[in-house]
Amino acid sequence: MKKKNRYLTVGLIMTAAVLVFTIIGQFWTPYPVNAMDSSASNMAPCAAHLMGTDDLGRDVFSRVMNGCGMTFFVAVCTVAIGAAFGTIIGALTGFYGGIFDEIVMRINDVLLSFPSVLLALIFVSVLGKGKYNIILALGILFIPSFARIVRSEVVRYKSLEFVKNAQVMGCSSMRIIFRYIIPNTKVSMLTAAAIGFNNAVLAEASMSYLGLGIQPPDPSLGRMLSEAQSHIFNAPWYALFPGIMIVIIILGFSLISEGLRAMND
Amino acid sequence: MSDSSDHSALVFGLTQEISSVDPHEDTDAATRSVLFNVFEGLVKPTTDGEVEPAVAQDYTVSDDMTEYTFTLRDGITFHDGNPVTAEDVKYSLERSAGIDGDQSALSAISDISTPDDSTVVITLSAPDSEFIYNLTTAILEEANDAQQADNPIGTGPFKLTEFEEGQYLTLEKYDGYWNKDLDYIDEVQVKFVADADEAFMELQSGSIDCLQYLTKDQISSVGDDYNIITTTMMLVHGLFLNNDYEPLQNKEVRQALNYAVDRDAINEMFADGKGMIVQTHGYPRITAWYNKDTEGTYTYDPDKAKELLADAGYADGFDLEITVPSNFTQHVTTAEMIAENLKAVGINATINSVDWNTWLSETYQNRNYQATVIGFDISSLSPATWYKRYYSTSDNDMTNFASTEYDSLYDQAQQTTDNDTKKDLYGQMQQILTDDAASVFIQDPGDFIALNKRFTGLKTYPVSALDFSSVQYAN
Amino acid sequence: MKYFIKKIISLIITLLVISLLTFTAFSIIPGDAALSKLGVDASPTAVENLRKEYGLDKPVIVRYGDWLADALHGDFGQSFKYSNKSVSELMASRLPVTVLLAVMSLIIIVVVSLPLGMLSARFSGRWPDTVINIVSQVLMAIPSFFLGIIITYVFGIVLRVFQTGGFVSPDKDLQGCIRYLFFPAVAVAIPKIAMVVKYLRNSVLSEMKKDYVRTAYSKGNSDNQVLYGHVFRNALIPVITFVAMVVAEILAGSLVVEQVFSIPGMGRLLITSISARDYPVVQASVLYITTIVVVINFIVDVLYQLADPRIRYA
């Protein structure tokens, strides 16, 4: 048991460190985030530039500091929207079944099949550009996967003894769902959230490929990573540091979920 | 790596897909540059931006510039071995004109007659000394009419043997090519690669032999297996301004922008300064029409820019949104650099990156933008087509530039048949574009091409053309 | 049987809804197929003519009707971007590639993750579990295109055992194609393996706490007997859901991997046709994806019943 909490501790430390780093990055960075210096392009990491510079001579360290914020924001909001709506929809449909279940699950199928790029294009053309619209579009895209997971769990628990007992004891359906069933889906949900977080970071990056993500010159880790692809041979640090940063963020987050899971055991 | 006896196909990496091989339908620069090898017109472009006889042996133009008479090349054949006849020429020009519609360059033809099998007489409805440039239109075989789009047959140095959508197309040397003096490689595979990064990876792994549009960073890590050819992209690359957007209606503001942008830094950033700085809508490599006097008009001078802004009543700057198509990384990066330049003189520049089709319909067609970074290539060697972009009532006056002086010079240029007068008129028009600061013209960007050392040659053209018939095996 | 018919009807309704949605989407987003094809140098007349040829001048609802009538006869029309190809031809050339990649990835995922997941659960809390757990945590955190780049860099450029861009189509050289797809399949599989291992482990562990396990132990079964005889089957249910979703995801076209490894699959076809506003192709691709998703969900439901007879549908 103690061993499990080490996950939580490590995860919390990592996430806290990243958060502090990120929060500082919103107010102060060693160099202005978007300042270019053509005489210092593609510099390897050194004392002046801890993570080197990119092709436009911008300080990668400063951009990573600042870009983490955007990445955090997008990923957390996306997962929150997906998980919140996904849980409610999955729980209700799984519990009640019937025609309601059928309809909602078909809508789910539609969402799962509808190309995310097309959906993002629609959001942008209807609501206009901006990070909030991208988050909304991504969040909606994340609903089905959460809904499906919760639904399958609920279907499973529904037929179990303790739920049947609760029903016999006259508990209301809502109470059964939210008091007895949902807490039991926590394990799957935390795992799904960690995965979702990863996917959200990447989705934001691939959206920017089509000009739909965070607009340049503002940095986000995903976009820095995709920009860095073309410089992987002569400026690998440009890909490496944002990449590592994403790994750390996601790792910290999944360790926390792991630790929480263990605490609940 | 290179094997001295390796005569396998040259694999050319194209970072764009070719979606149609019908030469009369061709639309983008990449498609034109590849089909250049398969099809020829009565005349074809030369490396200095002029034209020379191709399917035609020679031609004469009547003094009034309305009648063009072509004698077809003796013994010239299509890739299936059939001789090219005057009827095929007539058919091809009519087919192309039909596809392009009534505003195309070929619509100026009033009559095509074929007195005999090897003579074609083209009559124009009005005199036009630039018309010859439009006759690079591909000559196709009439007997193949039903299959032009699937299995096109041309007269060029290579025949198209395979076309796999989204993947590659294969060109094979045509042994019956009329120009027997040319010695060139047997086979070329043009491979469509999703993007420049991936293409560069494939170049490094050896599955691509030749790749264009390399960055200066890439050429430094490309390795010993490749020779680097330095040229330019043949674009007018710039920050194009919507002259109808309120602050940009003011000439002084546009001039301020011209002083604020650091062209040399952009050139340096992309191509180590190998690009050619321009200050007008012109192509320095086509010396016949280019007005060199426009160069150096605007130097990089932020103070002067601030002064001009203050004079124009924008001492506190204004908001400027720069729209940029997100699939062109070079344009996005340029926009980022320009945004920094403009912020330095107090203009609040933001970037709006959009997908290519949104750019085409919203920015280009609907002119719903403030400023945009783009590069204009040339689809025709005829300067009239380039300068129509700034004619006030033109469909493609994307910048909403309007100058009565410019319009009247353009009209005069169309009426004159004397090339010297014409050059002078086009020169004056270019000067107006510079003086009125129609947009912020930046450069003809430098371009690096990597070619595996198994091959030598590869001529570069001022038009979109990849002349594989100029490539030989190194051993 | 009744259940089966119900599923088919709901599939048809879903397909109708999504095809209408896709059509509507194309009328909302900016951009135009004719303009996209002809580019900046086209005269307005030429664009207008092409729009007419494509039928883009008609109202959306009329176009949808036309499209639906043709589609019901199995005719999905011509691609706009690839002017001489019918949509069916295009799909037929891309689909085998994606299916092959999906099958290969699935095999790798199942073969690697089931043993690892069980191992991890069996030794839960001890070092094999800890090692597997840490490794899978890290693998899960690596962005897929980063992983793709690392794989191409290491195996393609440093070790030269793989040639980036050397793709051959399966109908020309099936073996060569499989060989080429191995590394992409690994790139697809790695993060999924990590996730499946985790899912399986957690699922086994939560099953282990159930009453029936205690009963099984009390009847004198050994650890392994309980684990493989009783728990495994039940623990598989959430894992199956997850694996099925993964399969659906890959079959729908794993864009990132297709992009990084230069594979002409469904994902790339969909993206290029959205970019070119080539809606006949998009339309058919979306229908394909929907069918995959719905059919796989159906299979999952059936597997559920097989794995756990307590679950019954009306």
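Each chain carries a letter (A, B and C) given by its place in the written order, and its residues are counted from 1.
The criterion applied here is as follows: a contact is a pair of C-beta atoms (placed from the backbone, for glycine too) under 8 Å apart; a residue touches a chain by one contact, two chains touch by 3 or more.
Everything numeric in this text was worked out from a predicted model, so none of it was measured.
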Contact-richer chain pair [A-B vs A-C]: A-C
Chain whose Cα centroid lies nearest the overall Cα centroid: C
Of all other chains, the one whose Cα centre sits farthest from chain A: B
Chain B-chain C separation of Cα centroids, rounded to whole Å: 40
Computed distance of Cα centres, chain B from chain A, in Å: 43
Centre-to-centre distance between chain C and chain A (centres being mean Cα positions), rounded to whole Å: 20
Where chain A touches two or more other chains, by residue: 121, 125, 210, 229, 232
Chain C residues counted as touching two or more neighbouring chains: 29-30, 153, 275
Multi-chain contact residues (two or more partners), chain B: 204, 327, 355, 358
Chain A contact footprint on chain B (complex, rising order): 196-197, 200, 204, 215, 217-218, 220-221, 265, 268-269, 324-327, 329, 332-333, 335-337, 339-340, 350-355, 358
Chain B - residues contacting chain C, complex: 13, 17, 19-20, 22, 25, 27-28, 99-104, 149-150, 164-167, 191, 193-195, 198, 201-202, 204-208, 327, 355-358, 360-362, 364-365, 376, 379, 385, 395-396
Partner chain A, residues of chain C touching it in the complex: 10, 13-14, 17-18, 21-22, 25, 28-30, 125, 130, 133, 137-138, 140-146, 149, 153, 191, 195, 198-199, 202, 205-206, 211, 237-238, 241-242, 245, 248, 252, 255-256, 270-271, 274-275, 282, 285-286, 289-290, 292-294, 297, 304, 308, 310-311
List of chain A residues in touch with chain C within their complex: 3-4, 102, 105-106, 109-110, 112-115, 117-119, 121-122, 125-126, 145, 148-149, 152-153, 155-156, 159, 161, 187-188, 191, 194-195, 198, 201-202, 205-206, 210, 222, 225-226, 229, 232, 239, 243, 246-251, 254-255, 258, 261, 265
For the chain C and chain B complex, residues of the former touching the latter: 29-32, 35-46, 48-49, 81-85, 90, 93-94, 152-153, 156-157, 160, 162-167, 169, 259-260, 262, 264, 268-269, 272, 275-277
